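In the two complexes that follow, chain A is the common piece, with chain B as its partner first and chain C second.
This part shows the complex of A and B:
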């Protein structure tokens, strides 16, 4: 299966290990990723806070480029990119909005492609993936963390239950891991306030880390580069403010799936995290 | 040639301000067939009607056009006026020059012209009117009340007291409904059962009331005064005539199941009486769990019953009865709180609904009145209530306000404090809606004397931590996030329409609103009637209501039913559809579009061939004169009396002629 790949800025920078693992895993399960040539910013950072029309036109431009490719689906692993692309596709189902956006685009756009996130794609082909899982992670206890942008607003994202999502749990279980039942799987990590209100972010991050630890998780698994950055990089601040050391690794679900598929740890970017995943004894052997 | 009189109303300034009524009246006198025309300030007033009656005799009028308001307002008034002067009431036609003219237009000249056009059309139509006579039919002096909650009980008692027979049909094993589950009632804190059970006993003992418990309405046919209803009496497996209610069978039964009456937090046996004051006090066997029915063994209850009342072979039976009127009082369901994933209802035992707390507080409930944390059986020290679970929420529930939750939550906060003086109570709310008599004072008391802490805002998440539940929400008055530690969380789940209400509505031919509440005929002026004559609504099947409102509505519905049944015979509106037997080809397109099931099949001999053919026939008792059949009929065999094609075409021609001039 060939899909158009929209990596977004994070997967080219702070979340490069997400990109690395996405590419590895997709190769392993038979998804051909073709990066959209000339893609531009999805607008998640400031466009949608300043100009509504612009926030639709920016993703629309990249989607228009993708329509030139021989694909049905656009895959955006980053939750924020997924959210913006999906917003555009859904809101432009309204004819008047669609026309306004189209006028701004230098190239034709039909709004005909499906916007997928990777979780959605993988869970959809779980039966095909399962036989390929050669190294199940049976002694790993994981907390699946969905964050907000993958699920909300529900009428836009149209993906899983916004309050009690289970898709990632399903995928991780298929990887052989034990998935813990915990309380903060959709709580805000505070990433959007990371610069102006870092005090709040420390508090929010602390709650999530605490909840995962209480539930007995060895690691937290995310689907969003913002969540990842925040939970991974803030642990030092949390230690300073709250006096509590967590040292709980934050993994991408693609990394977990990659390990289960038998891809060596070094090819999945596991060494790029701040909290060392190899603190977990099981992973040291991979 | 008919002699038409035209009467133009000023309606004070309502019409006269925009329409030159005098000019219109003058101009109308020139229309062909019009022999008299005048205008008057208030045509509906006594002198106005007198003016019409006098003109009829003075000018020998045989047709009348009243140009005033909508026929929905005053058609009956003017029909009565003309019939008092000796004319058939259907020789009066109204031209609506208020709602359809003066109220919606500003240009006086054009509005005046339009008024004239409408009158011209009405004149053409009335000239072709035929005299219509109402149909007379008998009334069965027996009422059916569906639903044995407080509304159904009250309605049944009122009707029985008035001297009419009542069948009270209840789906569950006992009458009593929701109110029987309650501990105390707001705002007076009367013990619910203490005020309900005398009424239940009254029902049981009343010579005019027949209670059919564990029964459901299967089929409804017929029309007002003559409903034919089939009631299914579900197999109880216990002979009601023999059973003494001693309870030995229940004591010995080895099988347990979750109690519906205790809202899932208690247990009952496979053979059970839902609550001690049940009426009738006869157990029922739950065949889904009973060992005899599931595995073919046990039979203990049958062996121990001293009255030999246990009968495993009992079958569902069907009772066919005729009723003059029907009162629907089927009540409401409770919103499924597990829809709110963030609240964790169903995932943690200490998160319960208000209905479950009610059972817990009740001394005949599963905990014998002890308020405990289901997780460990200990008394809670801190309890959080969350209002509007499923109500006032378009995203996950219903947009409407469920009306009773603010009050029962306040009641619960008070009762909790009475049971456990050291308990802390917190109530998350959107607005406090304490609208009834003594309600606001009650809520105030709960805050001032019983120390309930009201927090204005919604809860975003509830999660367990260190053996407590952390309730995380916002205080919108402080503009801050708050976290409250709770031992028990109580969700005020909204009242929602019964799951199976649409089935019942279809059987009864009454409508439901967008949510599934049964529809009243008019939200203000006909609140207990349905659009189907002879069927009335009482209690929460129409919309969430508290006990006083349910009782008031039940008595209102009963009095409406009594007003019909005390008549010797009923007269129906003659505006019904009629089938031309020669033209009808028996395609029955009319049957498909008739919302009242008024089209029946009739076999006649065809005139020319002498062969039998099936054609449509309108049951005038059921027909409400909507005209769907007339417009659906391909061979133009159906006419709506009073609205015949001839009349309508003449009316259109009336308009067209004016246009040409």
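This part shows the complex of A and C:
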């Protein structure tokens, strides 16, 4: 299966382990990723916070480039990119909006591609993936964290139940892990406020970490580089401000799947996290 | 005496930008109850809706419009299906256009620098963008330790990644800002 790949800016830098693990895992399960040549930033979050039309036009240009490729689907692993691409595709189903955006673009665009996130893609092919899981993570307790942008607003994302999503749970269970029942699955981490108002992000991530710890999770699994940054890199600040040490590793769901598929930990970028995932004994043996 | 005249201008401006009709709101308060950041806002989301309905332009200088992280919990739960997160976006857009001094100046500064870097390179060069933000916001020493750790772990790419189509981004920015 060949899909157009929109990595997004974060996956070249703060979310590099997401990119590394996405590529490894897709190779292992037989998804061919072809990067959209010449793609531009999706504009999240600053474009939509300042200019509505620009926030539709930027993703539309990358989608127009993808239409030149021989594909039906565009895959954006980053939840923010997925959200912005999908916003464009859905809001431009309205003819007037579509015309307004198309007029701005220097190349033709039909808005005909499907925007997918990787969770959706993997769960859709779970029956093919299951036999390839050779190293199940049976003694691992995981909290599946969806955050905001994969799910909301629901009329755009059209993915899973916005209040109690279960797609990632299903995937993690297929990897052999136990999935804990917890309260903060879909709560916001504060996203880009992490730079201008880190105090607020510390408060929000504290609540999320606390909930996962109370539920007995060994690690939190995320699908978004924003969430990852806030939960992983801000744990030191949470300790400083709240006086509580969590040391909960934050993993991308692609890393968990990669480990279960038998891909060695060093090929999945696990060493790049700030909270060391090898604190978990099960992972040390991988 | 309170001089209060209901005025449709703001409601119409919002509708023009994002298509949402703030007048549908009947003040159930579910948006505020759902908002993870309501504790940090000076005007709560349901109050924002009320102010937008009756045209109280003070809402444009509230901290709320900048503190909102666009998580869309309000939008997912609004019983009248008002996309409140789009209303917040529209209010930010109006506040910027009308040069209203923001109560949380660092947040719009963040957006401005973000857009400029994306305009230059077509993609976001995170390290360069953060350095410029730090210099201009005065938050020089925050997050230095975190930044160093991330750099050591290879999570801050020292080299900019660029798109050959950065010119397109600049054109889009120019065309959309004229409207």
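Keep in mind that, in the parts below, the second predicted complex is superposed on the first by the 286 of 286 C-alpha atoms of A that agree within 3 Å, B and C clash if a C-alpha of one lies under 4 Å from a C-alpha of the other, contacts with A are read in each partner's own complex, and residues count from 1 in each chain.
Throughout what follows, a residue touches a chain if its C-beta (ideal position, glycine included) is under 8 Å from a C-beta of that chain, and two chains touch if they have at least 3 such contacts.
It should be emphasised that the depicted structure is a prediction, and the values quoted were computed from it without experimental measurement.
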item	value
Chain B versus chain C as contact partner of A:69, first or second or both or neither	neither
Partner chain(s) touched by A:236 [first = chain B, second = chain C, both, neither]	second
Which of chain B and chain C A:187 touches, first, second, both or neither	both
First (chain B), second (chain C), both or neither touched by A:211	first
Contacts of A:164 with chain B and chain C, given as first, second, both or neither	first
Chain A: partner with more touched residues, chain B or chain C	C
Contact residues common to both interfaces of chain A (with chain B and with chain C)	154, 162-163, 187
Chain A residues touching chain B - in the complex, by the definition given at the top	154, 161-164, 183-184, 187, 211, 214
Chain B to chain A touching residues, read off their complex	340-342, 395, 461, 463-465
Chain C contact footprint on chain A (complex, rising order)	9-10, 12-14, 16-17, 38-41, 43, 45-55, 57-58, 61, 104, 106, 148, 151-155, 162-163, 186-188, 190-193, 195-198, 200, 203-204, 233-234, 236-237, 271-274
Residues of chain C that touch chain A when the two form their complex	17-18, 36-37, 39-40, 67, 69-73, 75-76, 81, 83, 85-86, 89-90, 92-93, 96, 104, 106-112, 114-115, 118, 122-127, 130, 133, 137, 139, 142-143, 145-146, 149-150, 153-157, 161, 163-166, 168-169, 171-173, 175-177, 179
